[in-house]
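The following pair of complexes shares a single chain, subunit A, combined with subunit B in the former and subunit C in the latter.
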Partner chain A sequence: MDVVVIGAGLSGLVAAIRLARVGKSVTLLTKGIGGLQLSQGTIDVLGYSPDLVTRPFEALPRHGKPGHPYRVIGGAAVRSGVDYVAELCGPDLLTGHADDNFLLPTAVGAVRPTCLAQPSMAAGQITAGTSYAIVGFRQNKDFYAALCAGNLARSANVTARAITLDLPARPNDVDSSALAYARAFDDPSYRQRFATLLKPKLEAGEVVGVPAVLGIKVLDAWRDVSERLGHEVFEIPTPPPGVPGMRLNERLTQLAKAAGVRIALGSRVVGARTSGRRVESVTFAAAGRNRDYAAASFVHAPGGFESGALTMNSYGSISEGVFNLPLAGVRDDLVTGDYWSDQALFEVGVAVDDDMRPLDAAGRVVYSNLHCAGGILAGATRWSEKSGEGIALGSAVRAADTIRRA
Partner chain B sequence: MSDLHEHEHDMLRRASLDHCVKCTICETQCPVAAVTPLFSGPKYVGPQAERFRNGESVDHSLDYCSSCGICTLVCPQGVKIAELNSAARAVMKADHMPLRDQLISRTTLMGKAMTPVAPIANAVLGLKPARWAIEKVIGIHRDAAMPTAHTQTLVGWLRGRTKPTGPFPRGPIVYFHGCAATYFEVQTGIQTIEVLEHLGYEVIVPKQGCCGLPLQSNGIFDTARTWVRTLVDDLRKAPRDLIIVSSSTSCSGMLKHEAKEILGVDDDSLAEVGTRTRDICELLLDLHDAGSLPLDFDPIEITVPYHAPCQLRGHGIGTPAVSLMQLIPGVTVVESGVNCCGIAGTYGLKKEKYDIAMAVGKPLFDMVKNTTDSLAVCDSETCRWQIEHATGVPTVHPIALLHRAYGLTKLPSVVS
Partner chain C sequence: MRRLEADVVVVGGGSTGAGVVRDVAMRGYKAVLVDRVDLAQGTSGRFHGLLHSGGRYVVSDPHSATECAEENTILTRIQANSIEKTGGLFVVAPGDDPTYAEGFLAACEATKVPATEISVARALKREPRLNPGITRAFEVQDGSVDGWQMVWGAAASAKEYGAQILTYHRVTRIERSGDTVSAVVCTDDKTGEEVTIGCHFVINCAGAWAGQIAHLADCPDVQVVPGRGIMIAMNHRLVNTVVNRCIHPHDGDILVPVHTVCIIGTTDVKAPDPDRLPIPREEVQQMLDAGEVLVPGFRESRAIHAWSGARPLVKDSRVGAADTRHMSRGMSILDHSERDGLKGLLTISGGKLTTYRLMAERIVDAMESQLGTSHDCRTALEVCPDASTGRLNEGKTYVVTHRLHDREDDRLHDQILCECELMSRRMFVDLIKANPLSSFDDLRRQLRLGMGPCQGGFCSMRATGVALDAGTIDIERATGLLRLFLQNRWIGLWPILAGDQVRQTALDAWIFQGTLDIEHLPETAEVV
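Moving on, here comes the complex of A and B:
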């Protein structure tokens, strides 16, 4: 095996595809389905630095403290990662100009900057003077139209009002999930029922915002809904199960398989065999026994605390579970009592060189054939600066291209 | 199981529910919840409802879980969702186990009863009035796929043949055939043995019974524990340093992890057997990765739809059959990309669940029919019966293609 990739999130999938497409034999090991399904289904590069960013690649070189992943990855690799994922997913799934951020409404009516969005979201781009009709479903407890519309009218120079429809995803459902709606919206007859119910309630010129449930397999269902309504329509990402994230995950997983990546799902990577500064194999706790996967190179893209790749024990000591890598950013006051202030804990992770190889405290490469990508990298508070996908993609491209050259 | 083991087992399994972060990834992948509101989904029925269970579950939608295990497989946090549900269902059904579930979970009983009268048994199961009567009296759906009995069992074939005398450069290996290969899928058993012998293994087939998986999935835990322990003892009668290989992916999954994780059988002999157990495709791909699988395949010009069954995916070894079949010149494999065929062992046989099982499998059936009308491939026997039943496309174990490509036989009519 040329390469073993650990993790099936954005960075793991993209690194695996990029390597398999240049002829490398790649095995991807993952405990479960990766975090893409829990994402908004958009590609953030940089949203706040610390003020609102409109042109992410202009702000990127000056962003963050020394040690921030972008300082190591560099704008060119991030740009190449963003372009690559856009090309992989295609224009039916990702749209936008990487130079400019979208400003899109969230489910609570805040305004969120992001670099690439799904075409179904693009009409949500905040433009002064727009009149929005925000539509929810009485049977979907994950999206409250009144909350969204009320906050949206307060946070941007727009008008917004709420409409709530009495329309379950399946007959007699009291509580329909976003995914149940998305499956229903794959069916043209359901889209017509929705349009018939909603159209008389709309006023001329209103832009219609709905929770992101307009189809899971039928990717242009939103366009059909828009035509049936005679209004511009956009999707607003909801809490998990996030349908836009599922679309991205499905597309990238299929591409990985088509590229010949072997995917083993369902067990944890529990350790590694190393010799000197090289990783020889990783140990996958498959059913019944541990299996060793040997490879020439390894991409470690397991995520951070959320996935259990980084853990803190009851003594407050943090560790990385597979390679026991040295961690950067560890200090005494990792968590402060103020919920909304920066929590240093989020910046703990692995420090890397510009080939994404892990470094120890003295700045020496720990393993020469191990490359880290995505959420495990130290130095960023992704959720507040809106940099998660950009870091994942830039580091995946760096890791893959280093391995390709080797 | 001793009280201590029971305690450890319950504690470990229940402790896993605290790892649930409510991300709902399991809900998005559950094939049953996708097609029926009768099952409220793995997260609701599993880690959420489990907190409130003390004794029998009051949420009877639990019975609509098919035990396919996809939820556990896709969980990024390691919650034993399917295992929690299987155990809770066993408690719920303990004092009123339907006769039907008692019968269909005893594969060896069905095989022993049907084999001597195979033509008659097959003919009766092909008769609509008979199937109607069976549905009314026992509760097996009249249209559900039933296995075909054969007059010769695998054991009969082994007894009747002239055993190869070697040499066996790869040494001995133990074959665990499972009930299905004994009685209903004799061809798969023969092909597996012949491929192994072609590769230079001496195949040892110890006398063996059922692994107890159908009992377990129907909630009949005590008998299932007895059966799997007996099987472990049977397999340990062969030399204990040998690899045990199986062409029945759900049965080998039972030995590798389900007997421990669901039934709570926590003893050294099971663990020892589980560690030595390999799925046949896992074994062959490991040989290939080590550079020792001969690649002198005859070309087979064919495009086959392939479905990786839930039970195989539970092994956590990926889909070795795909990589193996792609080694054969001319073979194009189209993966189903679908989570479940619906049958889930005996779930789809039941009259109240047949329609759900068919709805679960519909995307797979459509995919198979859109790909081919000649041959489909799947590792698990009950899934093969379900796919054949729903599509009319003959469905074989991946070993059938390898057997053909090694020039050991011709597949019946479909591949020339």
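Moving on, here comes the complex of A and C:
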């Protein structure tokens, strides 16, 4: 085996595809489906620094404290990762000019910057003077048109009004999930029912915002809805599990399989065998018995605290569970009582060199054939600066390209 | 400026105040209860949820033990909806001094607290996660009680007898005419309006804040020493029976299953200010260690929330001022006509939730003796309504599967807004329509919104959207309430953040900041 990748989020999938496509034999080990489906389904590079960022790649070199992942990854690798994922996913799934951030409405009516969006979201781009009709469904409890429209009108120089439709995803449902709606919207007859119900309620020129449920398999369902309504339509991401993230996850997983990546799903990687400064194999707690996967190189992309790859026990001791890697950013008082400020805890992670190899406190490489990517890296509060995908992609590209050169 | 007239004003909407207003109203007085915030938002909502059998006090305070045993029976009858008959165990853990347990059964018998010794094997069969190293076990009739349900139930009963319950009415002045109380002046913090309640009698049930209220009536130097204790809720019922250490009352000696969680408590430290109750790191560690003694592996299970409450203990010269646990837990009544020459004012201090009804009876008797009147107390005889449904208690005590049963009935007709606590959309809409000025925390205390493992991660945006759709609030208030709710959840979350709750917190941050960008919504005016 050439490479074992741990983790099926954005960085794990992209690193695996990138390596498999240049002929490496790659096995991807993952506990679950990966974090993409929990995401909003856009590609964030940098949204706040700390003020609103409109041109992410201009702001990136100056962003963050020393130790921020972008300081080692560098703008060029992030750019190449963003271009790569755009190429992989294609224009039916990702759109935008990486130089300029979109400004898109969120489900609570905030205006959120992101680098690439799905084409189904693009018409939401905030432009002064726009009139929005925000449409929710009475049977979906994760999106409220009045909350979105009410705040959107407060957040930007636009008008927005709320329309709530009494339209379940399936007959007689009272509690339809976003995914249930997305499956319904795959069907043209459902799209027609939706359009017939909504069209008479719309006023000329209104841009129509709906929760991100316009199809899961049929990626241009949004375009069809727009044509049936005769209005521009855009999707607004909902809390997880989110349909746009599922679309990205599905596309990248298919590409990985097509490129020959072997995916072993359902168990944790619980440890590793090492020899000096090299990792020989990792131990996958497969059903029945543990199984060791040996490889020449390893990409460690298991996520951060949200996935359980980093843990803090009840004594406050923080650890990384597979390689017991040294962690950067550990100190007292990592958590404070101010809800609205970033918690230093979530900046704890693995420090790396520019080949994404883990470093110890003295700055020495811990394992020369281990490369870390994505949420495990120290130094950033991704959800607050809106940098999660940029860090994941930049580090995945760095890790993969180092292995490719080796 | 609004003016009301009443015979009696009760200050403080904790268990004591709710019990008093119910009793006063049932004896035929026109009564008003005021609280500066919501009912049971202070000490009566910040405890471990134990309905005492009396077992805790059989040695240290025999009189209290007997009262607890009697009141336990009465409350289980009149407020069944707020009580779960979990039963209790007193166990001797490894290393505990065995001499306390040797005298335990005799002390129970002397105080009429029902107790039976059972074999360790039987105790472990009943509670398989208990420390297998325990050496003795005694069964008692402890239960768990929802303080909010209990107080709201007593208040609902009082309302049926004509009492008015005014929450978010902060007392600013107590007026006198000559040597008698004549009015209580409040500010309605929801509207900013000043409200004057003309009255002949004021009963100060402000608990840890009683000294501040007495001061407003120019009765200085009423010394209440708040004893601060922390509690930690774990995300499962590690035990289904209340488990007590069979030792002299000590920190961390009780584990109580309440609703979907179990609660370890508590500590006891003198607190200078009942409005500033920290949850110190070392006390959290102390509680987790104490939990580990009762249930091995306790530290590996998931702590989801912590809080700090202030026992309103009377200053007692028998013990040092820094040791609040050994002060009398009995209630004391200060008669200000004797103390300060002001007629028509009683200040109540001390007591415990389990005996709140009995305390109220004694207090109202004291009021009547000052007024020269006499009516029978009937609070033990009549059943209270279930405040959440408005129906009288049917005599069925609470069980943790009640909501599951309800949701199985209505799942095809209604949405579940809070999966952790099985709160339906209808439950939420009904309550917010009945209480349109409520904050989400006010609603939480009655509905358990956001009290489960996700700590509001999924349900709080839903609550906000549904409240908007219900038409009771506008977008500014909705947004302010959502922000306030998240902020308030964090108060009890960050001091215990560890294990899987770190993972949950990261997921919640991905939702609120990552996906929703809530931190960049335009600021709203401060909401109450």
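Here, the second predicted complex is superposed on the first by the 406 of 406 C-alpha atoms of A that agree within 3 Å, B and C clash if a C-alpha of one lies under 4 Å from a C-alpha of the other, contacts with A are read in each partner's own complex, and residues count from 1 in each chain.
Simple rule for what comes next: a contact is a pair of C-beta atoms (placed from the backbone, for glycine too) under 8 Å apart; a residue touches a chain by one contact, two chains touch by 3 or more.
Treat the numbers as computed from the prediction; the structure is a model and nothing was measured.
Asks: Return the chain, subunit B or subunit C, that is in touch with more residues of subunit A.
Replies: C
Asks: With the two complexes superposed on chain A, say which partner A:A264 touches: subunit B (first), subunit C (second), both, or neither.
Replies: Only subunit B is touched by A:A264; subunit C is not.
Asks: Taking the superposition on A as described, I'd like to know which of subunit B and subunit C A:G308 touches: first, second, both or neither.
Replies: both
Asks: Quick one: classify A:Q254 as touching subunit B (first), subunit C (second), both or neither.
Replies: After superposition on chain A, A:Q254 lies in contact with subunit B alone.
Asks: Between subunit B (first) and subunit C (second), which does A:L38 come into contact with in this model arrangement: first, second, both, or neither?
Replies: So A:L38 meets both subunit B and subunit C here.
Asks: Looking at the overlay, does A:A296 come into contact with subunit B only (first), subunit C only (second), both, or neither?
Replies: Neither partner.
Asks: Once the shared chain is lined up, is A:L202 touching subunit B (first), subunit C (second), both, or neither of them?
Replies: neither
Asks: Answer with first, second, both or neither: which of subunit B and subunit C does A:P240 touch in the superposed model?
Replies: both
Asks: In the overlay, answer first, second, both or neither for which of subunit B and subunit C A:W383 touches.
Replies: Only subunit C; A:W383 stays clear of subunit B.
Asks: After overlaying the two complexes on chain A, where does the subunit B footprint on subunit A coincide with the subunit C footprint?
Replies: 38, 172, 240, 306-308.
Asks: Could you pull out which subunit A residues touch subunit C in their complex?
Replies: Per the stated touch rule, the residues are 38-40, 47-48, 52, 106-112, 139, 141-144, 146-147, 150-151, 154-155, 164, 172, 174-175, 237-240, 242, 304-308, 311-316, 335-337, 339-340, 343, 345-346, 382-384, 386, 388.
Asks: Flag every residue of subunit B that touches subunit A in the complex, lowest number first.
Replies: These residues of subunit B touch subunit A: 21, 23-25, 27-29, 34, 37, 72-78, 253, 255-257, 274-275, 277, 289, 313-319, 323, 335, 337.
Asks: Show which residues of subunit A lie in contact with subunit B when the two form their complex.
Replies: 1, 27, 31-35, 37-38, 170, 172-173, 177, 179, 183, 240-241, 246, 254, 257, 262-268, 284-289, 291, 306-308
Asks: How about subunit C: which of its residues touch subunit A in the complex?
Replies: The touching residues are 285, 288, 299-300, 303, 411-417, 425, 458, 461-462, 464-466, 468-469, 474-476, 478-479, 482, 486-487, 490-491, 494-495, 497-500, 502-503, 505-507, 509-511, 513-522.
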